[in-house]
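So, here come the structures, one by one.
Below are two complexes that have chain A in common, paired first with chain B and then with chain C.
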Partner chain A sequence: MNQIIKFTIDDVECVATKGQYIIDAARENGIFIASLCNYPGVKPKGSCRVCSVKVNGRLMTACTTPVSQGMAIENHTDELNELRKKIIELFFVEGNHFCPSCEKGGTCELQALAYRFKIMSPRYPYFFPQREVDATNPKLIKDQNRCILCKRCIRAIHDEKGRTIFAYKRRSNRVEISIDPKLGRELTDEVALKAMDVCPVGALLIREKGFDTPIGERKYDKNPIGSDIEHLQIPYSKTKSNE
Partner chain B sequence: MKSFTQKVIDKYNRDKTRLMDILISIQSEFGYISQESVSQIAHELHMSEVDVEQTISFYHFFSMKPTGKFSIYLNNSVVANMMGRKEVAETFEEEVGIKFGNITADGLIGLYDTACIGMNDQEPAAIINNHIFTKLTPFRAKEIIRDIKEGKKVQDMFTASFGDGANRDDLVKSVVSNNIRKIGPILDPQYKIGDAIKKIIKLTPEEVITEIKSSNIRGRGGAGFPTGLKWEFCRNASDGIKYLLCNADEGEPGTFKDRVILTELPRLLFEGMVIAGYAIGAVEGILYIRHEYKYLEEYLENILKVAREKNYLGIDIMGKKGFNFDIRIQFGAGAYVCGEESALIESAEGKRGEPRDRPPFPVEKGYLDQPTVVNNVETLCAAVKVMLHGGEWYRSFGTPESTGTKLLSVSGDCRFPGVYEVEWGFSVNSILDMVGAVPRNVQAVQVGGPSGSLIGSNDFDRILGYEDLATGGSLIIFDKTRDLLSDVVLNFTEFFIDESCGSCSTCRILPSILKNKLEKILDARGVKNDIAEMEEWGKILKASRCGLGQTAANPILTSIKNFRHLYEDKIQKTKDFDSGFDLWRAVKEGCEVTGRVPNI
Partner chain C sequence: MSKPIVATTSLAGCFGCHMSFLDIDERILELMQLVEFDKSPINDIKKISRKCDIGLIEGGCCNSENVHVLKEFRENCKILISVGECAIMGGLPAMRNGIPLSECLEEAYQNGLTVKESNDARIFPNDPELPIILDKVYPCHEIVKIDYLLPGCPPRADLIWEALIAIITGNQIKMPYEVLKYD
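On to the complex of A and B.
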């Protein structure tokens, strides 16, 4: 049987199954921890650093750290929210993110987090890098301008033999995502759609298709990111963190 | 090329986790890894091509384009520049007729920059086809290029004499010098392999761990985790095959003491690995060595061979039934971050050297997801001495919190750069005296390499030790003629940018932002707020996954802390804001071409 353990997030008592990652345990307790690289059902990687929380005074990523009995987690503090805001702003200056012309507008998690964290304009100077759009794949367009290198596509999409179809290329600030030319040619419509869906931003788009859902009726147009989690009916927690 | 590639793939049993070895073999043979080879490897190893390419493109010494029959990798770290790298580089460019980063049209010579190659006490230095050339001068650069053009082999291009000690060994034959300046218990040449093994096989592994714990020795790579505790965690980890990895990837600019141990005392190191293997219950040890030290490969392999023949390695070691342990050497391919233990594990598994998320720690889930201990070269050497003379004896050296001795790699502006073994607790001042630097002429000391601190004379009475200035042993001395910001801090910041694995957002993006700020200040366009912002933003790096990311702003942050006046002298006093954009300069070239004067 799964062992149930108790822990706290910002002094709110929570329960979880032993071994659950903090971010998942928090979600089940109605507490939203912002993240960009984490995706349900996909092995976490801790690459965006947005979900940083404090455990025993140390910064840990909530998506990769399992909860343990009696753990005291800081999440919704001014210090951590400011840190996350600064990290989210990094993505905006690193790439070229032109929300008004992006197919993912309204469903983009980066954009949604920017609204949630009330980012008006990043405090760092923009890099305005030269980035390529790769349209060689028959099913997908890869726009490196928008990629935040979260590795979701790398971790989520494999062929039937377990080979990765997406991969990092190079290192440091020259990293980009590449699509395998051979395996990429065999992509089914279903897998291509999955790739677009796991991408938190508009870096992977299905070719010759767009704006099925009109602007204004999209996922984050009406309710901010995380609000679905915070409106869960929580059976066992006493209060919610931001009430 | 196809049959060679196939032979290499077969040699490593089509094992994906040996991808590094496969790629190193192909790169060494052809000077690059062709798209054709990539397809072949991907096919045989059941990987996708982009998966193979993501490993290739991670490492500095792998290339998918030809790098020349002779690839010259000239160090561009701080001390190389201080010792006259610029003139050497210019000579190379003139003689070869190409700029760095390029290859000649006939494919004969390629010129490349590379980060610190572990020769800081004999710079400027370069690697040419895995051979090291030290103390280069423009004259020597001319000779080398002339020899190449005359068709000489690299090994025939050396001058008359080889370096000291084992650098003259028939299997090394290198011009590298050890420059051992002060010996202590670790570097003591009176050492006989096997004595410690004979002793420990009469003890239980638990007793060995108890002795190591009683010595209070802590990891010598810089992080300082108690070694005995690490061994105990691994020994007590749940079932699984256990591994011992030795970290000889010393990539911290200014560090070279492990190179000296590998050259002069490799048997001591291997004996330390045997002891650790015995203590944790491992049967396989991996010595992960940075690619820059590839010139020691044959020599080290031969010593392992002899050790096997003498039963210091292998089955039933020294007659102890059931005590089996062997060592293999794994080379890296040029990536500083692989010195981080979990990145080193990833790399030893044939992947990109990206640090892992912790928990789980390597002692629970390390190499091939099995319980693994990763120890620094020096730590393992010290363990041998602890087992020979006892933990109490070891504690008699150093301070209560930092027991034992430390090997220092000293370079920069001093008369006697080299390796010094000192007890912990030495002050920076006494080190400066020891190495022939005149304290009143010394402007700053970089303690612990770029990830450590840049300190000034106010801090010279501080001591080396985990309780004060913790260090992996790199000490670089700068005299008053050096421009700390442009020659040191900028170079180190660029180093961190290049060496980031690129996985964490913070470490991938922020150092470039800080570098741009620093350049803005050096360009005399900075304002007061720029300094404040660098300090403020630098803190964000603490949210990075590994030590590289967390310390990537240290060159800037510690220099602001200890040398604030250098920044303040360069900023504009009359302005509160400056975008850093100079319209005049931006349109200057266009104006010159058109002969117009802009109406700004």
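On to the complex of A and C.
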């Protein structure tokens, strides 16, 4: 039988099954931990560090750390929220995130997190790197300008034989996502759509589609990211960051 | 006590932020009771004529004239606000920032598909009256100190309104989730 364990997040008592990752356990207890590279059902990577929490006083990524009995987790503190804000701002200056012209606007998780943390502008200078758009695939367009290198597409998208379709190429600050030319050509509509949905930003887009939901009705236009998790808990408007 | 004075300008922008500003609709009558306007496209005053309290900047800096106007605003405004994505990060004009300037100019005036009819002699515009184009498009806060930033493309009318009211009345800005958007 699965062992039930108890732990706390910001002094709120929570229960989880042994072996669950902090972020998943928190979600089941109605607590939102901000994250970018994590995707439910996909092996965690811990690359973006947005989900950093303090476990018994030490910084850990909530998506790769399993909960244990009696853990005292800090999540919604000024220090951690400031750290998360800085990371999100770094993402914005590192790439070319032109929100006004992006098809993913309103459903983009990077943007939604910035809204949630009320970021008016990044505090760092913009890099404006020169990056390419790859439009060679018949189903997908890959815009490296917007990619945050979370590896979600690499980890989540496979063909029916279990082969990965996306991969990293190059090294260091020139690293980018590449689509396997052969497997990419045979992409089904279903897998292409999944790839677009898995991408937290607008780096993977389905061809001949976009801007199909009017402004004001998109996923994060009215409701902040995480509010679906938190509806069991304190509403967003009453949380500490909003005071 | 005299009313606070507001000046607004559009640098490398599309006037969309000014259109959004006008979207405060009938509240503009209320605003007229609260402030006076100096230079602004809304009243068509072309030059800043006195010291102002609040300056609203739309658009980033893509040429020497933008920098000149921005510096003039900074000298004459107590509080300077970047309004919109272009003022904050360069916006769509900044899409050229990853491309060398010579390539941009060559594409526009020499090699582009439509150049033949419009610019048969293949000359770069060189009239001394024209401002000089900068190597890239700069966010306003990289040129002068900016006090507040209002994101959006355009920023929602409610965000501009609430920001102005907050500054005029000296209160905290009321910012519901729906008004902070980047597009």
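The rule is short, and it goes like this: the second predicted complex is superposed on the first by the 232 of 243 C-alpha atoms of A that agree within 3 Å, B and C clash if a C-alpha of one lies under 4 Å from a C-alpha of the other, contacts with A are read in each partner's own complex, and residues count from 1 in each chain.
The rule is simple: a residue touches a chain if its C-beta (ideal position, glycine included) is under 8 Å from a C-beta of that chain, and two chains touch if they have at least 3 such contacts.
Bear in mind the structure is a predicted one, so any value in this text is a computation, not a measurement.
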First (chain B), second (chain C), both or neither touched by A:174:
first
Would you sort A:164 into first (chain B), second (chain C), both or neither based on which partner it touches?
first
So, A:105: does it touch chain B (first), chain C (second), both, or neither?
second
May I ask you to decide whether A:94 touches chain B, chain C, both, or neither, giving the answer as first, second, both or neither?
first
Using the superposition on chain A as set up above, list the residues of chain A that contact both chain B and chain C.
125
Counting only contacts in the complex, chain B reaches chain A at residues 46-51, 53-54, 57-58, 335, 352, 357, 359, 497-506, 508-510, 512-513, 516, 533, 537, 540, 542-545, 580
How about chain A: which of its residues touch chain B in the complex?
44-50, 52, 59, 61, 64-66, 83, 86-87, 90-91, 93-94, 123-125, 127, 148-149, 151, 159, 161, 163-175, 178-183
Quick check: in the complex, which residue numbers of chain C touch chain A?
82, 85, 88-92, 94-95, 97-99, 136, 139, 141-142, 148-151, 153, 175, 177-178, 180-183
Contacting residues of chain A [partner chain C, same complex]
96, 98-102, 105-106, 111, 114-115, 118, 120-122, 125-126, 128-131, 215, 221-224, 236-237
